[in-house]
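Let me give you the structure first, and then I'll get to my questions.
Per-chain numbering from 1; labels A, B, C and D assigned in written order.
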Amino acid sequence: MEITLAHYLVLSGVLFAIGLIGVMRRKNLLMLFFATEILLNATNIGFAAIAHFHNDLTGQMFAFFIIAIAASEVAVGLGLLIVWYKRTGKIDLDIMTSMRG
Amino acid sequence: MQEHILSILIFFPALAAMLGFIVHKDSARAFGVTVAAIEFFLSLWLWHLYDPMTSGMQFMEKAPLVAAFGINYLVGIDGISLFIIILATFFTMIGIASLTETRRVKDLIVTLLFLEMTMVGVFSALDAIVFYVFWELSLIPMLYIIGAWGGPLRIYASVKFFLYTFTGSLVMLVGMLFMAYFYFQATGQWSFSLLEWYRLILPLNFQLWLFAAFFLGFAIKVPMFPFHTWLPYAHGQAPTIGSVILAAILLKMGTYAFVRFSLPLFPDAAVYFMFPIASLAIIMIVYTAMVAYAQEDIKQVVAYSSVSHMGVIVLGTFALNVEGISGSIFLMIAHGVVSGALFLLVGVVYDRRHTKLMSEFGGLASVMPRYATIFGIMMMASVGLPLTINFVGEFLSLLGFYKQSHGFTLVAGTAIIVGAIYMLTAYKKMFFGTVTKEENKYLKDVNKTELLALIPLVVITVWLGVYPKPILEPISKSVESIVQLMHDKAQTPEAQKRIPNLGNPEVKNSQQETH
Amino acid sequence: MEIYLYIALFAPLAGSLFSALFGASPKTSVTGIVASGLLFISFVSSAILLDYVMMGHTVHVEMMTWIAAGDLYIPFGFVVDQVSVVMMMVVSIVSTIVHIYSIGYMDHDKGFNRFFSYLSAFVFSMMILVMSDNFLGLFIGWEGVGLCSWLLIGFWYHKESATWAANEAFIMNRIADLSMLVGIFMIYWNIGSLQYDVVFAEISNLPMPIITWIGIFLFVGAMGKSAQFPLHTWLADAMEGPTPVSALIHAATMVTAGVYLVVRANPIYGLIPEVGTAIASLGAFVAMFAATMALVNRDMKRIVAYSTLSQLGYMFVAAGLGAYWVALFHLMAHAFFKALLFLGAGNVMHAMHDELDPFKMGGLKKSMKFTWILMTLASVALAGIYPLAGFFSKDLILEVAFVEQHYVLYTVLLLTAGLTAFYSFRLVALIFHGNERHLKYGIHPHEAYTFMLYAMAPLAVLAVIAGMVFKTPYYQMVTHMLPAIEYHIHNHTTFWIMTIGTQLFVITAIAYAYKKYAKAVKVDTKVESGFFYQLLYNQYYIPKIYDELFTKPYRELSKVAWKQIDLKIVDATVDGIANVIYRMGEKTHTMQNGNLSSMLRWMVIGLVVLLVLAIAFTVGYNAVTMRAM
Amino acid sequence: MFEAIAFYLFAALTIGMFTITVMTSQALYALTAMAAGMIFISAFFFMLGADFLGVVQIIVYTGAVMALYAFGMMFFDTTRTLVEKRNNPRIIFILGVMAAALIVFILVSPIISTHLEARYPIEAAFGNSQAIGMILFTKFLVPFELSAVMLLVAMIAGIVLAGKKMDKSLTLMAEEEIALMSATQAPKDTEEGAH
């Protein structure tokens, strides 16, 4: 039984869905960050798989940059979280309502 | 300078307006009058340079804007647009000269000069995108004029004016884009130039859809029934100068665009939709005349009468023959002069009494005889008395449409009856009878500033009524080329029959004999 | 000769403009004198032209282009030929006299200058109407006289009734004008020109139905100006204007424009005798109809107005039956004696301080001898007693009807002749004979200015001699253009019986009128409350019917159109659409509740929707391209 | 065969780990499960011949990111059971599944996947790391440098944000508070300068 691109893409999709569920479900901001990481990783698998099966390095490059972005996101995001936590003592999503329209 | 006269004409007021920001408040008016007068004389010079023997576009200028999509700054005029441009510069001039507004005069003058740029731009643009840009830009100064200097309901009126017309023009924009796309499909090149578009022969079903898209934009601007309801609010709330410009020039954009876009681009569709549009025009004529009759506010009477007259213009346009279209264009100018003058006149009495209700007046003829005389002349012109400017246009429009349909013209002709009814009734309420209100007993007659604006209008009204040739001839020439173009492009037998062939006199004669 | 044409045409305009210069300033006699003088010049020029035309020439000039677009070419062209010169003479004579008369009549009016400005403008319009060489030029004059009529009827604009009558006249004329315009359109699109000579040369080539329709439309146009039934109500109301206006416009000139049109367009009507018969029938009906209303009316000017209407009916009978020269002749004669009658009525009105009810007058022949003589003369002429003008023109129409074997028309006209005589002398008797009933209202009548009476004298002379002297030269001249048909009853016995019979009938009617009204007036309440009397007195209830049938519904409908349709349907729809969008915004803004978690959820929903759309469009696009392949 | 076994094994492990991450109410479990999932993902990279990527994955995620998160967790004291308000978990689930299904459909359906073409083919002559190096410093030089700058900025941002005086946020304060703060601070600064 051969593993094709489709297998990887399905896996990528499933992981992405898990990430989405996490994004929607989590209220704790830190946990939300976790879910975001899952989303990013899910796409990474897809990119790497496409790169492999189409014999093209561009996919890997994308994945590479995504990892870089993920890293900076964590750095900045955690910094912001710390600021917020210092102000409010909580990192619950539901109390952030200053964007009410 | 001659080859750039159109660009100068378009952008001079805008540049002057920017300069106007730094002019001192007290000299703003003098500045405005000077600029508008220079602009007006420039437009007269344009007329002087214009070669009436040529039917095509003149003073063409071209500069690429977005070369990849064939969007060019392309301007040029023919006999049709020339006189509307002169009308626009003229009305801006006398509008500023006779300004009675005291609040923030400088802002108003700057706005008016910007408006002048957009008006001249619309009537000289030959590129669809340039046309569209000026078309939409013209909304903004008007919105500002109504919204800042208007009556108590000004916000509602201005927003309604803006959103309504803007919605229509968006549909028009889609039509333009599709037209350009179609041109690309057909020729492999992008172009928004009207003159290039004229060469395209579109399949009938495309024509119908495109015609409808363009129609919505134009019809709201005209405004045609049932899209007319923004107009009474806009007029009712706008200051005098706003109403004058709106009625005299801005409404003409719609009917002008019919002649410039709808007819030559979609001749078959124009024939296809001729009777539905004629029906709308007739409803406009009769129905709005009745509504005008029921009004209590003199300005609304004039506003609705505008709509009614625009019905005749639309009818003349869709006569699709030289007589009708020339007549409708002449009537555009005539209606501009007359309705502009009527709005100025309403403004005169509004300045004195701060009311426009006719029941507040009565017997003004004895208090303000000069005012009553000028109003009477303009009213008679509006009613379409021969030897006034309106008659020539109305006669030609109806005459033209008679060729297409007897019955429709007979019904449309009631314009001359219903028009007389509401106008005479309004005149009677305002001027006849005895003076009953104490406030009216000592009203001042028109002063010099007001006469400065009104006398030229009276002169034009009579002059062009007696001797319309200087402007009717170039108009007729340019219309002939449009009609010929339409005939050559017509595909359906119906359209070929309805649109006369001018180039081949033998065919014409034989047609006449068969009648 | 062209210079005379231009003088005849533009002298009145010059007078009008001159007077207009002083329009707002207080009375200056200069305006009246200058305007009258210029009209006299116009009259002299017309007379010179008449002389020239009598010798068999015509003058045709094209002043300048008016409207030219496409194939349409309409110049300001003027023609003086046998028909138009007659009209020019009538117009210039009557208007000169009326102008001079008005100097006295309007003496105390504030709007003296304005009046002359309007009146001269009217003459100018009328001149254009009769001299134009094409249908649209005629239409200019046609509308021009309408405008001046509006101005002059509503001259005393502070009076509600006057302004109402002015508007009524204008609007009712407009209805007819529309028909006239349509007639002009038909002519243009079928012939390609509006010049009389071209049209009349080509008209016979057209198919019959088109000629018929052209004839009908043009005639409906004529009906408005000439106040034929059912567009007649404005004429009686138009008597609100100053009396010289009634004399000039609503008796002598403008109202006869319709007849002039039919006469001018005789090549068209000659081809369609059925329409001609219809015109004649309508004319006879109006003659009778108007005469009956005149019988009982209690307003001096209205009686004369109805008489005018009746006489116009006569003219249309003649024109309809193809006797164009007879119609034109009666037009001329009628202009003289009717203007005279009106001017006399003006004198009486002045003397009676604008009192119009003849039942409040009486015995005026003592204080107003000349007026009495002039009005009696005019009435005799109107009644058609030999040898005055009316006999030659009006009885001729009776003969025409007889010769053309329209016996019904003949009978109607004969009866009407009797009625005419009766109401004319009822008026004369009531005003000038009997008791001085006005004394109890404290009115002491006085004769008008002498120069006014002198001014009227030429009219009196013309009313007497016009028939006898002018008939033969007129006939010879005008038949150059109009069909020359002599209407003679060949059987001598019949002729004499008819002539004498008619005369006797008329004289009997006059005598009866004198008997009934010259002495004491008994108001017979039984008759007056009778149905017929009421019917006639209320003008057959036609004004009321029009009011109920047209005016009120129009007003109501207009209200409905504005308040219900425009505001509640059309505008409400627009606002409704806007409101739907606005409310959607109101509703959906709860989405922006500030909760990031729910926003994320919305984001995912949006993602799902976008994905579905992406798939749907891709699949759809593929399906289309697959099929295309 | 070996490949298939490895794929399914790691797929099951990854899905399981991530599910735990998303679903558990224990923050510590979540963290641990995610770290494990990250490592398992690197296995896919190795299977796909992206050796360099796999290594980076382990170093960056499991090394750097996880350490940061662990630090964050300790800072926020989220070792306890998380209390989170849930509403409509079913909608969340349905939406997630739908999104997944659609994405998979789009990616897998022939419409898109058959239209892809290689622009920078993998040269067999080089190893993966070498190839990546080649392409990264030629075609992707500008994005690479940009991402370097971005990382630098992120680092500085992280330090500054988490830094000492950042307990006061200018953006979240009202105007008056800011004015008050600057007013009280200014004299203090001058005092310090004087000492």
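Some notes on this structure:
One rule holds for everything that comes next: a contact is a pair of C-beta atoms (placed from the backbone, for glycine too) under 8 Å apart; a residue touches a chain by one contact, two chains touch by 3 or more.
Just so you know, these numbers come straight off a predicted model, no measurement behind them.
With centres taken as mean CA coordinates, the chain nearest to the overall protein centre is B. If you average the Cα atoms of chain B and of chain D, the two centres end up 63 Å apart. With centres taken as mean Cα positions, chain D sits 95 Å from chain C.
The mean-CA centres of chain A and chain B are about 60 angstrom from one another, to the nearest whole unit. With each centre defined as the average position of its C-alpha atoms, the distance from chain B to chain C rounds to 35 Å.
Along chain C, residues 601, 604 each make contact with two or more other chains.
Multi-chain contact residues of chain B (touching two or more other chains) are absent. Under the contact definition stated at the top, the residues of chain A that touch 2 or more other chains are 20, 24, 27, 94, 98.
Taken as a contact graph, with one node per protein chain and an edge wherever two chains touch, the assembly fits none of the named shapes, being neither a line, a ring, a star nor a complete graph.
Pairwise chain contacts present here: A-C, A-D, B-C, C-D [touch as defined]. Contact residues of chain C toward chain D in the complex are 601, 604-605, 607-608, 611-612, 614-615, 618-619, 622. Looking at the complex, you find that chain D touches chain A at residues 1, 3-4, 7, 11, 14-15, 18-19, 21-23, 27, 30-31, 34, 37-38, 41, 44-45, 48-50, 52-53, 56-57, 60-61, 64-65, 68-69, 71-73, 75-76, 78, 82, 84-86, 89, 92-93, 95-97, 99-101, 103-104, 107-108, 113, 116-122, 131-132, 135-136, 140, 143, 147, 150-151, 153-155, 157-162, 166-167, 169, 172. Looking at the complex, you find that chain D touches chain C at residues 91-92, 95-96, 98-99, 102-103, 105-106, 111. Listing the residues of chain B that touch chain C in their complex gives 160, 163-164, 225-226, 228-230, 287, 290-291, 293-295, 321-323, 326-327, 330, 363, 365-366, 369-370, 373, 380, 385-387, 391-392, 395-396, 398-399, 402-403, 406, 409-410, 413-414, 416-417, 420-421, 424-425, 428, 431-434, 466-469, 472-473, 475-476, 479-480, 502, 512, 515.
Chain A contributes residues 1-3, 5-22, 24-28, 30-31, 33-35, 37-38, 41, 44-46, 48-52, 54-58, 60-61, 63-65, 67-76, 78-83, 85-87, 91-92, 94, 98 to its touches with chain D in the complex.
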